[in-house]
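Each chain gets a letter, A, B and C, in the order it is written, and its residues are counted from 1.
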Amino acid sequence: MAQAPALPTGFELPLEPRLPRIGAVDQVAVEARATDLSKRSIKREAKLFALDLAVRMMDLTTLEGADTPGKVAALASKAIRPDPSDSSVPSVAAVCIYPNLVQAAKERVAGTGVKVASVATAFPSGQSPTDIKVEEARRVVELGADEVDMVIDRGAFLAGRYAKVYDEIVQVKEAAHPSHLKVILEVGELGTYDNVRRASLLAIAAGADFIKTSTGKLSSSATLPVTLVMLEAIRDVFEETGRRVGMKPAGGIRNAKQSVQTLVLVHETLGLDWLTPDLFRFGASSLLNDVLMQIRKEKTGRYQSPDYFTLD
Amino acid sequence: MAEPRGGTGRLPVKKTYKLYIGGEFPRSESGRTYEAEEQNVARASRKDVRDAVRAAAAAQPKWAGMTAYNRAQILYRVAEMLEARTPEFARLTGDEAEVNAAVDRFVWYAGWADKLAQVLGASNPVAGPYFNFTVPEPTGVVGVLAPEEPPLLGLVSRLAPVLVGGNAAVVAASESHPLAAIELAEVLATSDVPAGVVNLLTGRRDELAPVLASHMDVNALDVTGANGDVAELERLAAENVKRIVKGSAEDQSPWEVAGFLELKTVWHPMGV
Amino acid sequence: MSELEQRGGRAPIPSAWDYASAPESREIVELRERYGLFVGGEFVEPRSGEYYATLDPAQEEPLAEVPQAGGEDIRLAVESARDAYENGWSAAPAAERAKYLFRIARILQERSREFAVLESLNGGKPIRESRDVDLPLAAAHFFYYAGWADKLEYAFPNRRPRPLGVAGQIIPWNFPLLMLAWKIAPALAGGNTVVLKPAETTPLTALHFGDVLRQAELPPGVVNIVTGDGRAGAALVKSDVEKIAFTGSTEVGKAIQRELAGTGKKLTLELGGKAANIIFDDAALDQAVEGIVNGIYFNQGHVCCAGSRLLVQESIYEPLIEKLKRRLTTLRVGDPLDKNTDVGAINSRQQLDKIEELVAAGRDEGAEIYQPPCRLPEKGYWFVPTVFTNVAQSYRIAQEEIFGPVLSVLTFRTPDEAVEKANNTPYGLSAGVWTEKGSRILWMAERLEAGVIWANTYNRFDPASPFGGYKESGFGREGGRHGLEPYLDFEGAETFGG
């Protein structure tokens, strides 16, 4: 059994009976707050700033059974230079793929700043024995993944076996060293915001570098309120311990407006410090082109057609 | 003054008519009396009003905190005790029908205790994920200026709606016919009505009413039985925004109760 | 590649993300230079001959001139309402009254942008609030009471409801159009006619509402709108009306109650408050913080039911206050017409003076003040959102209604203590309770002496929900079935079941 990482002073496991610290989330109020924040009007230079940031924060993702080295190479090319006609558009943060495609992706992004993130731990269900999941994480790092996106064992979590969930994250974290570990909660299966908060704190306590909403395989994923709940958990950990944990909403963010609204949540919950790819990512596939269209619209004043943006 | 009755030679023990404050029967702290219905009756002072309001304010939360069922039981008990003294009340009021009506009035209002919230309250369909309901609650301490006539039924008609809603009362009894009020105090004292929930003061109305109207710890004023300068009483009552109720000595309706109730609306989100 | 390589390693953190200003256009509002009184369905010049300038408090600039109604103007307005009442309105089929109210509601919805902008211009409140709260609620209020107009006998079974006559209505400056809706809708539904006086500083939406009434073809005189300062209000109180409804300060409310003493006129008062917003240590803290912010900084704290006294359980005091202070740094204070503004302008110079005076008292009495860093516009009336900690129950800032964006924080240890402190005030309008424990919510709700209890939420309003106070916060309810009652008379002395 792996040892839990040493935790900064003052931070206690959510398993400790310190209920006020785990706390609760009121559904109606958190949804109302997210709705309020979504009404921020972000225009002109403020919008361009956000769209540029959204590109730099993107984990451009393909997670299909049909993925091939060719598909992934094309995606990686897009990741490096999202808009070939506009060199001011930055690269995305990373490509996010299945373990078998890590090598292909790694070759294509070599020499650029674009990272390779691999899902692991029996993605998306997580329903495999722990040792197999740990081994998978170890292997993807060997294959060159800079970042590992693991899933928590929702079955164990919902059965109340928090210690199993926790121990597994600890072991995967150790196996994935020195890669960055993103822990996917799969919020759509957790049922309540209270559970999202608990799972967030649990993952953070177990050593997650990032917490991530979803696998992208469910219809209910990175909504604004669920993102807000997770950002608030990150904020509480930071305020209590000074530790900065990253956030990655994934799944369901398909247009530029949603990405800007999400960044407003980050800005007003965690502040400027989190407006960096080191601490915030978008997991998305179709989002990128919409952001690119909006950037060009802001720059040219013309509404755009998808025909002018490559599908990779 | 009074002759021994019936020539038996026995001298009766004559009742002293006193005030009813905090469940006790004190004399007026002023030591004064006045004559009404051929009796010497206590003439309450400002300080007696003060003591009565203090007793009422202390007793009210517990009375309001009882279950509605229990309040109904107690008011029903009042009716029973009142009925048991029918001959005595009939002698005082000169009208047995009035006594019977007073008994029935208590019975009628007793039955309202556990129905007021259903008739006067509401659940409100607001446009959002909230459960929202409105419940009636007692306003607190009510000053009652009892009607001069009829001495028993007038008093009971004003007092019962105050009590059934969970309020405590400080009553200025009929000045000209105070004996029924004092007799009623004895009924209340033996009916499990908690001490202080009803306080009955006899005396000069023009001395008592302004003190009640201006008292900052009285929440509502029933001016049904007010004589003289009602406008002045209402002006005094404005100092703490008292609820002013003007009914009649005969009314019997749940809306009489409503005058002594506040409405509280509670919101709560519905979420998981 | 060099550019891409630069992006390797740690990514830069931006130094700021200033949202570009997003002003709502004023174009949609056509202001007149000078307005008349709305009497008998027409805008008429005041007999008084007097006008005053009404301001944009964010710019300290005059928007228009409005009449200062004199005694004769009030008399004529009441006469107009009386005529309309006696010659048609009170006898009109209830279903017709309902349809007028529906028309008014629809027109308000259609013109909501215009009214929202005008409300923010004249009152200083953020467009976000006038757009998302004031206007939708005002229209909803007319819809709600439209539905009651022809169903009164179901609202009051066995009571044979009938109208009172002419209602004089005096409203405050914090929610000018919404308070107008709260007053006019139930009055008309009940078959009454109205003379309404908007607040001195915020008359414009009420005057534009006169246009709405003309558009709805409401019979002349059913609603009359008279502008002016407290003198006009006082004249209305003394006038020949059957009913006065007043929303405003407790001080004025008491004066009105005294004035009406002995007249037998019906009266409802919706007065001041000093509400406790009570946070237990098991509350959903981040949402509680939002509730605190919404409770006291909504509408610059110009809210009678504002959660101006924060009662925090000691065991959660520090983290909660830290969260609250942090949250305050994200509040955007400034141009009311900017869609990103959270806190707008203080309504008037006079109100700003009052806030400043009480805040100075808070400092002097020894409370600790916190104000987030905040750039205020140079012109206009502004006050930075403020939190006072270490406040004792005896301080003026814990007792008096500030009616501004100023929060006083006190602590408690047990539920009993929370109730005791919350109720320790002459007011009783509203209260907030934040706890995850259901039975505690009900326990608290039962004990708090207030007409509205918000549990795990704050400052929610709805036309179906009765609103009004206990104790010196007034009497009578607005909203819901209960809100009709103050505008109706019932068959006289009756005995049921006997």
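Structure notes:
To be clear about the criterion, a contact is a pair of C-beta atoms (placed from the backbone, for glycine too) under 8 Å apart; a residue touches a chain by one contact, two chains touch by 3 or more.
The shown structure was predicted, so the numbers you read here are calculated from the model rather than taken from an experiment.
Across the two interfaces under comparison, B-C and A-B, the one joined by more C-beta contacts turns out to be B-C.
Taking the mean of each chain's C-alpha atoms as its centre, the chain lying closest to the overall protein C-alpha centroid is C.
Once the centre of each chain is set as its mean CA position, chain A and chain C turn out to be 43 Å apart. Per-chain Cα centroids separate chain B from chain C by 37 Å.
Per-chain Cα centroids separate chain A from chain B by 68 Å. Counting partners per residue, chain C has 456-457 as the residues that reach two or more other chains. Shared interface positions of chain A, i.e. residues touching 2 or more other chains, are given as 26, 28-29. Listed for chain B are residues 128, 130, 269, each touching two or more other chains.
For chain B in complex with chain A, the residues that touch the partner chain are 128-130, 269-272. On the side of chain A, the complex with chain B involves touching residues 26-29, 31, 191-193.
Residues 101, 104-105, 108, 122, 124-128, 130, 132, 134, 139, 219, 229-235, 237-241, 243, 247-248, 250-255, 262-269 of chain B are the ones that touch chain C when the two sit in their complex. Interface residues of chain C, counted against chain A in their complex, comprise 1, 3-20, 22, 128, 132, 281-287, 290-291, 315-316, 319, 322-323, 330, 339-340, 436, 456-457. For chain A in complex with chain C, the residues that touch the partner chain are 19-20, 23-26, 28-30, 32-33, 39-47, 49-50, 53, 56, 80, 87, 90-91, 111-114, 232, 239, 267-268, 272-273, 275-278.
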